[in-house]
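Both complexes shown next keep subunit A, but they swap its partner, so subunit B is in the first and subunit C is in the second.
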Partner chain A sequence: MKFIICVCTLFLCMSESGAQNRIIARNAYIKFSSKTPLENIEAINKSGVSVIDKTTGQLEFSVLLKGFSFERVLMQEHFNENYVESDQYPKALFKGIIKDIQLINFAKKGKHSITVNGSLQLHGVTKEVTVKAFLNIQDELISADCNFIIVPSDYNIEIPGLVKDKIAKTVEISINANYR
Partner chain B sequence: MSKRILFTWIILFAIVFGLAFAWKEYNRTQASTENFDAIIPESAEYVIEEFIKNEQAAGAKYNNKAIIFKGTVKSIELNDSVQTVIIGNNLQESGVICEFEQKESIDLKKLKVGDSVRVKGICTGFLMDIILVRCILVK
Partner chain C sequence: MRMKKIIFIFSFLLIGSLVYSQGNLLEGIDDSISLKQPVTKTFMSSRVINAHSVEMIGRGEMDFRILHRFGPVNQGIDQLFGLDQASMRMGFDFGLSKKLTIGIGRTTFKKELDAFVKYRLAQQSTGVKANPFSVVLVFGTSVYTYKNTDPTTKLTFSDRTGYYFQTIVGKKINNKFSLQLSPTAVYRNMVLAGDDKTIFALGVGARYKVSKRIALVADYSYVANGLPQSVGRNPLSLGVDIETGGHVFQLHFSNTPGMNERSFITETVNNWSKGEIQFGFNLSRMFNIKKRSNNR
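Coming up: the complex of A and B.
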């Protein structure tokens, strides 16, 4: 009986420490921008989800493509129906590892420059990407900021000839996530 | 009036009408959430289960549709860029993330964690929680 209690206690402690090693951001802010001489297009999504494992450095980030809000409804409809086909591919998903996570002391306040190597899955295509970011450790939360570029054509996102001069060949992504 | 002149006027009218329609479409704004007919599911937990069991089927059923959820406020985040309330219960980690527009901010400031609320919003899908955008409080 004592053995069973010890095993259960040990299991509970391990589960608890596993949960403490994971920090989660539920309202990550994502913006993408396309700039051309003809038109600047921006879209914002305020409900990305991200999880970081502080021990292993594993980082996952997912965002629902239908959650991107554009200035114009027509742009939003074209984005969902024609470009990213969000009914068929509802999410963009990034999975990666923070390089040298063991060098970061999560118990101490400070700002750290990090590199995350991983893969981005978008529109049914998965590509290896490397992202540089900043991790800001504060008292109550840990925030992460990053900017990177993607090429829509790498993910089989086709821009119709009629509007191709209005949409840039590369799109800048900005992310801010607050983890607890 | 000769047929030629009449035909010219018809073409002119069609062009003007077409341009006016294209301009109206280009500048179309989001319909207000109030005007959408809403699905009122059994509970948020029921919808979460549906997404967990079969995300594609649940997405086809709920995505882009207005849904009204009743729940308890678990957290509130209000600032210049984000107006988000998470509703749910303490038994389940997953809940409903409700993104509100700025015009709701006065009513949102009155909310407290633990309050019971009814929220109507447009479903964009499920990650760790059901996500609703363009939310309004329903009295």
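Coming up: the complex of A and C.
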């Protein structure tokens, strides 16, 4: 019986140590901007949540769409109501894998350029995306920065004719997350 | 026996932890979905048609509203179905904070000035400690500023003044359908003989979205007391809201030409069943007068 308990505890410990390999970022910063000659639209969200598994390189990132704050209240309401329809699709979710994560030594300070392959789920549509990012390993903290571009029409986000000159065809997204 | 039990418990834990580690990485970490989230856009505009809706003006924004009410359509082609006659109200509503909106306006009919303060007591929300309803309080006043041409009577400022107070309880029942009830009291300092000075009414407002930017709206008030039964009618307006970015157009048919609470609740005399209805529209244009800082 003792043996069995030992084995079981061992298993338990192992799965626990798996959890310790995960680094977590809360309050991640996400900004998106749409630039046209007529109007620049910018929104900021400071409550993204992300997890990286240091051994497997798995990465997940989740953002509540209602958490985006715009310069104009009306834009924010329209964004949620008419564009991303956040009542129906409350989150944007990215699931991916960091390429060659085993080459990164998390014990040593340093900057690394990484590539993340994965899928972005937004407005009920899932699309494959590949993004380049930077990891900056510091003492207690691993900060990640990333910029990429998405096309709203890829995600069935419809821009009506009347405002099509004011909303860019491509939206630039920048992310900063601090993992611990 | 005991050992079996222990093994059972441990294997349970094991399976549990295995499932856990194979599941989503974010599981147990990302609980943002259960956060309290406000329900927005219960109505497209701060008015159902005539009556206040539970919507507020965003902080730092100004809603410039132009309201037109034409003559009765049953006058026929001679008056171009009422379009030859028009009265209008011009109004400016300001969002002072998330919870506080104030507004002023002036109506051509009787040259009436009006002003209101609108306060949001509760906002409908989802998530933990969800609020099932939005509750909004409105206090408003209006004063006739037309010149008194009758030398036998003297109209004081107080005679020209009226007040109203209402509580609006609204709910976005689903993405398409919203409903609100607004018990209202209107007080007029001077009334015709036989009329009550205080009039109670129950407003009912409804919206049904037919597409992302188009909705059908209905605005009705049941006037409970104080109007001569033969003349006073309950105002009913039916219309369509069209939203185009910063504008909202509200086109409607109604039996009231009134454009503020005193006017449409206490002065409606037309009868839908006799075809005494008029076309009207509200135009709302939102202006941003104070940008929110980036450090929000």
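Everything that follows uses one rule, which is that the second predicted complex is superposed on the first by the 175 of 180 C-alpha atoms of A that agree within 3 Å, B and C clash if a C-alpha of one lies under 4 Å from a C-alpha of the other, contacts with A are read in each partner's own complex, and residues count from 1 in each chain.
The definition used in the following text is that a residue touches a chain if its C-beta (ideal position, glycine included) is under 8 Å from a C-beta of that chain, and two chains touch if they have at least 3 such contacts.
Worth saying up front: this structure is predicted, and the values here are computed from it rather than measured.
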| item | value |
| --- | --- |
| Touching partner for A:Y29 - first (subunit B), second (subunit C), both, neither | first |
| Contacts of A:K108 with subunit B and subunit C, given as first, second, both or neither | neither |
| First, second, both or neither for A:E60, with subunit B first and subunit C second | second |
| Subunit B versus subunit C as contact partner of A:P160, first or second or both or neither | second |
| First, second, both or neither for A:H78, with subunit B first and subunit C second | second |
| Touched subunit A residues, subunit B compared with subunit C | C |
| Doubly contacted subunit A residues - partners subunit C and subunit B | 24, 26, 47, 49, 62, 64, 66-67, 69, 72-74, 87, 90-91 |
| In the complex with subunit A, residue positions of subunit C that touch it | 3, 6-7, 10-11, 13-14, 17-18, 20-21, 24-26, 29-30, 32-33, 35, 37-41, 58-61, 95, 175, 212-213, 243-246, 286, 288, 291-292, 294, 296 |
| Sites on subunit A touched by subunit C in the complex | 1, 4-5, 8, 11-12, 15-16, 18-19, 22, 24, 26, 42, 44, 47, 49-53, 58-60, 62, 64, 66-67, 69-74, 76-78, 80-82, 87-88, 90-91, 158, 160, 162-163, 166 |
| Of all residues in subunit A, those that touch subunit B in their complex | 24, 26-27, 29, 46-49, 62-64, 66-67, 69, 72-74, 87, 90-91 |
| Touch list for subunit B against partner subunit A, complex | 25-30, 55, 59-60, 63-64, 77, 81-82, 84, 86, 97, 99, 124-125, 127-129, 131, 133 |
